[in-house]
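The following block contains the structure, expressed as structure tokens.
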Amino acid sequence: MTLTNYLVLAAILFTIGAVGVLVRRNAIVVFMCIELMLNSVNLTLVTFARANGSVDGQVIAFFVMVVAAAEVVIGLAIIMSIYRTRRSASVDDANLLKY
Amino acid sequence: MIEAPDLSLAALTPLLFVFGAALVGVLVESFAPRHVRQPTQVALALVGTVGGFVSTLLIAGRSEVTAGGALAVDGAGLFLQATIAGLAALSILLFAERGLDPAKSAFVASAAVPAGSPRDRELLTDERVQTEVYPLATFAVGGMMLFVAANDLLVMFIALEVLSLPLYLICGLARRRRLLSQEAAVKYFLLGAFASAFFLYGLALVYGATGSIRLSEIRESVSTDGTGTLLVLGLGLLIVGLMFKASVAPFHTWTPDVYQGAPTPVTAFMAACTKVAAFGAILRLLYVAFGTADWTWRPLVYGIAIVSMVVGAVLGLTQTDVKRMLAYSSIAHAGFLLTGVIGLGGGTGSGLSATLFYLLAYGLTTIGAFAVVTLVRDGDGEATQLSQWAGLARRSPLTAGVMTFLLLALAGIPLTSGFTGKFAVFRAAIEVGAWPLAVGALVTSAIAGFFYLRLVVLMYFSAPAEDGPSVGVPGLPTTIVLAVTVAATLVLGVVPGSVLDLADRAATLVG
Amino acid sequence: MSDFPWLLAMIAVPAVGGAAVAALPRGRDAAAKQVALAVSGLVLLLAVLATVAFDTGGERFQLTTSVSWIPAFGVDFALGVDGIALVMLLLIGVLVPVVVIASWADTGPEGRSMKAYFAWLLVLEAMMVGVFAATDVFLFYVFFEAMLVPMYFIIGSFGGPRRQFAATKFFLYSLLGGLVMLASVIGLYVVSNTELGEGTFAFDALRQLDIDPGVQKLLFLGFFVAFAIKAPLVPFHTWLPDSGAQAPIGGGVLLVGVLDKVGTFGFIRYCLPLFPDASRTFAPWILGLAVAGIIYGAILAMGQTDLKRFVTYTSIAHFGFIALGIFAFTAEGGTGAVLYMVNHGISTGILFLAVGMLISRGGSARISDYGGVAKKAPVLAGVFLVAGLASLALPGTNSFVSEFLVLLGSFPTRPVFTVVATVGIVLAALYVLLVVQRTMHGPSRGVVVDKPFPDLRRRELAVVVPLIALIIGLGVYPQPLLALIDPAVAATMTDIGSDPAGTTPATAEQGAN
Amino acid sequence: MDPVPATGLLAVSWLLIALPLAGAAVLLLGGRRTDRWGHLLGIATVTASFVLAVLCTVELAGTSGRSVGVDLFTFISTGRLDVSAGLLVDPLSMTFALLITGVGALIHVYSVGYMAHDPARRRFFAYLNLFVAAMLLLVLGNSFVALYVGWEGVGLASYLLIAFWYTRPAAATAAKKAFIMNRVGDVGLALAIFLMFTQLGTTSYAGVLGSVGLLAGGTVTAIGLLLLLGACGKSGQFPLQAWLPDAMEGPTPVSALIHAATMVTAGVYLIARSAPIFDAAPVAQTVVVVIGAITIMIGAIAGCAYDDIKKVLAWSTVSQIGYMFLAVGLGPIGYAAGIAHLLTHGFFKAGLFLGAGSVMHGMGDQTDMRRFGGLATKMKTTFVTFGLGYLALIGFPFLSGYWTKDAIIEAAFDRGGVSGYLLGGVAVLGAGLTAFYMTRLMLLTFFGKPRWEDGVHPHESPAVMTLPMVVLAVGSVAAGFVLVQLAPLADWLAPVFGEPEEAAAPAIPPLVVSVLVTVVVALGALTAWVFVGRREVPTTAPARVSLPVRAARNALYADRVNEAVFMRPGMWLTRALLWVDDRGVDGVVNGIGTGLGGSSSRLGRAQTGFVRSYALGMLGGAVLVAGALLAVTAG
């Protein structure tokens, strides 16, 4: 079983994530889609790490996880605040700034 | 026994300074009593940024790769770090302004309280201020300075996040018009995260293609075994991620919303510093990592530049909000900056120094412009509606004069820094034979001239609007900012010689 | 005497003066006027002394001052004048004080303080001097663009009802042209960089370059567009009527009298010497525009209902003549064209001022509101007539000499264009006399009856008398100016490869071969 | 040929011009202060230059070669062009100078009386002085440029004087018309000058006329025709004759001086002065004579139909100048004759106009001859002087007109061949018509029953007016005999035109010609008496008249043609261009602005404010970027 499959899988996951960002309204879900994209990247990284026979990729993956975690903290905070104000987490409701 | 990687602390002083200040700031935030926080935090932030600025000057001329090859401390890097630190210091001063808002701060008293709630309303006029914004901003500054020194895609990514995450937060901390502010934060955050996902995927692909994330090693592998699809895709995604930060069309969509919604001092900070940082990274990526394969990305950047200029100039024409207008102007300027990037030729052209100079000039001018915006206020905060500025020249000739001067600089009229910068980048572009791009840029800057002019017309030639805004009397910090920016804009326009030479000498990229 | 930095002084004095006026406390309009008058008078004095110091037989560029300005770009702050520039400086020197006196009694719209107006006037003067005195292309460009700002504020703050529109249109149109030129300026620098090893903007150095024809064409077009907008040539002219009609009289005089000359000056100073081949390539087209402008401007002038617009359209026709003389590539035509620039400044200046005096009495710019002015204000009518005769180039007035020279000089090389252009002199008579008849002759009508309509006051006489004196004086004895202009034009002709000595008679040529 | 430098009195001959010019300047700048004595100054200056002219002529007669140049200063010198302001004093120019100053002086005197009651009399004299100065410059200048300057100078003076009563719309319009039609001619003159410069590199008489030989035939013809265009404009010749009758809107002395005696003859001077050019261009000469002939007829025919006394005289002027053109067009044999007729015409036509003025003066500024009648008894002096002028004009034997006009007619016949007979025939016919309309004029004005309007009490004019008339009358009687028989003008002008040559074999013996002419003239006069003298004259012109008469009343529709061919299309063009400029040229400029604005707001819609659509935009951008890169690398 070649590594290509992993890459393809990762690519698919990334795409799913991206599409999810486009189609889902709930900020939390949108954010989760982004997380999905990040994790697909992680998969890609470790695959390449194996392919290149170096551990760099795996190390990077750890970094990514950490960063992602940080992102979650920030993100949830922001989303919470707006949710408490508007009683809704729909990204489409945040639409005062335009044109 | 593994020996630690070489670490030239001297070369890292600027970074250490800033990050140090930020960390101390966190401690202060958590342990110092409330009444001393504000002054302490401001002092700390200033010490950090100014210290960073000074230390870059002290180690100017260094050119080395350190931290195990993760960081490149070179002329361009230091110049950009200095620029960022300096501009950041000015922005911090804007943060610290207490004279304008009756509540003595542009930032919300308690971000956790829902906007519009009774509690929020009573806090609105409360003089109590949250000071977390200072360490956050300082962290962002650190991230930016790291960004421009990154010699390694991973470091670049980390830096990207370090500069972004605090920004996401402080965008949402406006005291007034909190709904807009929070919306700006959400949009910035989601889109930013989205963009960094692209960047990251690009990183992964490049890593896969070259087996390394070290810029220098990527360069070697590019020159030895050429550019495969994987690599090119990776490059593309990396570019997307960076262009987003630099608010280059078509990745600019967040810019107007965020610039408008964020607290004006923060907008100034982003407009000036983020752009510098992003372009620093772009330069590194394109010339250090992919300089030998510039034929791959040159047409792309060429196109993006034109798109960005046109979008910025044309969309700016019909804006009705000053901050939004300046946002579109910053998109157009991103396009002009890209002509400088094109002008780098095979890394030999005068484009690098031109871009460095342009970034400095633009940053100063734009901070000044936003500073003026903070002055013009009405009942509920800043009066950013264009119509409210009608006849401002009668109310406050000085303010109008300063704004006009800065706008002329943005429009690139001679004897202002804007003109010198434009001249430099266009010259670079024409030198490498990209004259159609230059001509396009010039035409678009003529178009863009219209909306700068529109504000001038309003301020000078229109009768003052009834119940128009009042011009607040700036406190010391804003006064300093205005003085510095205006003076710099003038000096860089009239006698730019020394600074241009500096940029010339600084124009080296190692890695 | 000649090592005194005359030109620098002529820039610095009004610039400082402008700042001083601006610095006056609010409402000190009277003081502002006096300072402005004194300063502009001083500049006139300087201009005259500079002319005395100028040696017609000497170097091409004299009274030079040069200091390195932006070494990184190879830019020098280099000033110097040849005869062409010098006569323009004299024109500026004369017109600005006249304008100051003419604007003495003006009041700003919405009760604006006129202090700013006079400050801007002086700043404008400094810029105008700079633009003609610069011998460094970059410096020239800087003044060229910076010049827009004061005029923009003069029109926008002190103009007529549609001043906002007019000012913006003026600024953007010129800015567009200027930026296109900037591309060429930079291109020129790059070319010099590759040819000379180190880039320069010094006019004399750039003149030596031999630029590849293709590149020349591009660079030429860049400069040409800017100058064609400035001059303006048809079809780039439509900003002028708007600006001219909305500008305050004083501003209008300087706009039409001097600012636009920068365009024609640019043709002869930059387009011809720097890009000789391209100039020759494009000459037929430009001449087409020029001649079209002569006819077109004249016909439209006849159709105008607004006095100020009328004046601007007559100017468009005149600029056609100037361009014709320049692009005919003969010494006589070139000299005529340069002289035309000066004369047009004077004759159109006084026409504009006379119109202004009419408007200040009648309170309307519509031609149809006037009639029979000659009965109530004979002197004003006389002045208007003299101005009109000067603008239709009647012999004995200054314009005759220049127009005659232009046509006579263009005929040998460009007979067809010249013949068409000559028709323009009939049209000129037509449009001038039409307006004279409508406004001055016939029984008194309209505002002439309704309003008191006094004849010229002492101050107004002080405005027109010197100009009329110049009109007659230069009409009878233009030689002094010609002596100044001749060598400079000859040098230009050498640059472009025409006979600097002038046109050889056809029969003499036959005799030769 | 080259003039010798001036000495003695001739060296100051520039005073001829300077004096009246100074007068004009003083009167114009002096303003009301000079009102009281202004007219006297005017007379003084002109008289002074007349005296000077006489003295100069005497001195000139003494000099060898009779051609003296006076160099004053360099007017224009640039490139190869070198125009010096200088005078050429030779028989031709002095002849004109004498006519101008002499008749001018007389008319100045006359005007004192005629304009006595006009508040703006000073201005009038200023303009008259200005005119005299310009006219003298025209004839005395030593180069075509100098001539051109004077040429337009007199145009200006004529404009000012026609529009002297500017409050009358008719006067203002007439003045404008005159100036414009003159300018049309000036274009020709200017182009001729350019052509000379291009070909010969000079514009001085000496330079150009001396080297006509170098020029190609076509060039010479071109120059000749262009000069002719100029001449036609100034002298009211076909096709530019229409302005002259309108010019009668000016005060009568103006009509007498400018539009009869002097300015309108400038065209003749120009052609005579450029004799070498025309001699070398037979085609041009033919055109000249043809135009002369046509104009003779137009003028004569129109003259028959008008009832306005001044207009009749004006048309008569047109036709008489036609004779002069005919003459100078005939080449060497004609020049002297033409100039001679010009001089005599100057006398009697000026006299006639002054007489007409005197009549109007007595009749309350009435000009309609149908309102005159029976004035012979009321204004004796006027009647006598006018009558003498009349006889001179129609060519009553042994008066001025007889001598000079016959000379022209003979010359015309002497041209020989068909063309000779044709031209001669036209000339004779013209003479007959002249007799007709002038007799009609006499009868209507001085004979028959009074048809005066009520309250008009004709009276003789004051001596200050009649005296000049008397002098001119004497001239009308004697001048012709003097100039043709006593002291032949031809000899005097020989230095300019060469020795007068008699036609080898006259086609028709002179005697026959003069008899023929006299008979035709008599017939013309008789017809006039038959039609006008015997009947009751209606005080209003009969409306229902035959086609030819109507055509004649409309001056053969010249104005209609001008209107249809130039004015209307011109107005239409103006309107069209106005639209083009506003909607077209400026429309584009403003359109770009609005267009950008529109696209801006349309593009702005893309900024929906929805995060997800922004994300979509970014994704699209990313795809494009990747696609572009792949395309570049692949391609």
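Labels A, B, C and D are assigned to the chains in the order they are written; within every chain, residues are numbered from 1.
Methods note: a residue touches a chain if its C-beta (ideal position, glycine included) is under 8 Å from a C-beta of that chain, and two chains touch if they have at least 3 such contacts.
This one's a predicted model, so the numbers in the text were calculated from it and none came from an experiment.
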| item | value |
| --- | --- |
| Which of A-D and B-C has more C-beta pairs touching across its chains | B-C |
| By mean Cα position, the chain sitting nearest the middle | C |
| Centroid spacing, where centroids are CA-atom means, of chain A and chain D in whole angstrom | 96 |
| Separation of chain B from chain C, taking each centre as the mean of its C-alpha atoms, in whole Å | 44 |
| Inter-centroid spacing, chain C versus chain A (mean Cα positions, whole Å) | 65 |
| Distance from the mean Cα position of chain B to that of chain A, given in whole angstrom | 25 |
| Multi-partner residues of chain A (each touching 2 or more other chains) | 18, 21, 30, 91, 94-98 |
| Residue list for chain C, restricted to those that touch at least two other chains | 172 |
| Per-residue multi-chain contacts in chain B, two or more chains | 186-187, 190, 194, 256-257, 450 |
| Chain pairs that touch, as defined at the top of this document | A-B, A-D, B-C, B-D, C-D |
| Chain C-facing residues of chain B, complex | 408, 411-415, 419-420, 423-424, 426-427, 430-431, 435, 438-439, 442-443, 445-446, 449-450, 453-454, 457, 460-463, 495-497, 500-501, 504 |
| Residues of chain B that touch chain D when the two form their complex | 186-187, 190-191, 194-195, 198, 227, 229, 232-233, 235-237, 239-240, 244, 250-251, 253-254, 256-257, 295-297, 299-300, 303-304, 311, 314-318, 447, 450 |
| Contacting residues of chain A [partner chain D, same complex] | 18, 21-23, 25, 30, 91-92, 94-99 |
| Chain D - residues contacting chain B, complex | 593, 596-597, 599-601, 603-604, 607, 609, 611, 614-615, 617-618, 620-622, 624-626, 628-630, 632-633 |
| Touching residues on chain C, where the partner in the complex is chain B | 69-73, 110, 141-143, 145-146, 148-149, 153, 156-157, 163-164, 167-168, 171-172, 175-176, 179-180, 182-183, 186-187, 189-190, 193, 218 |
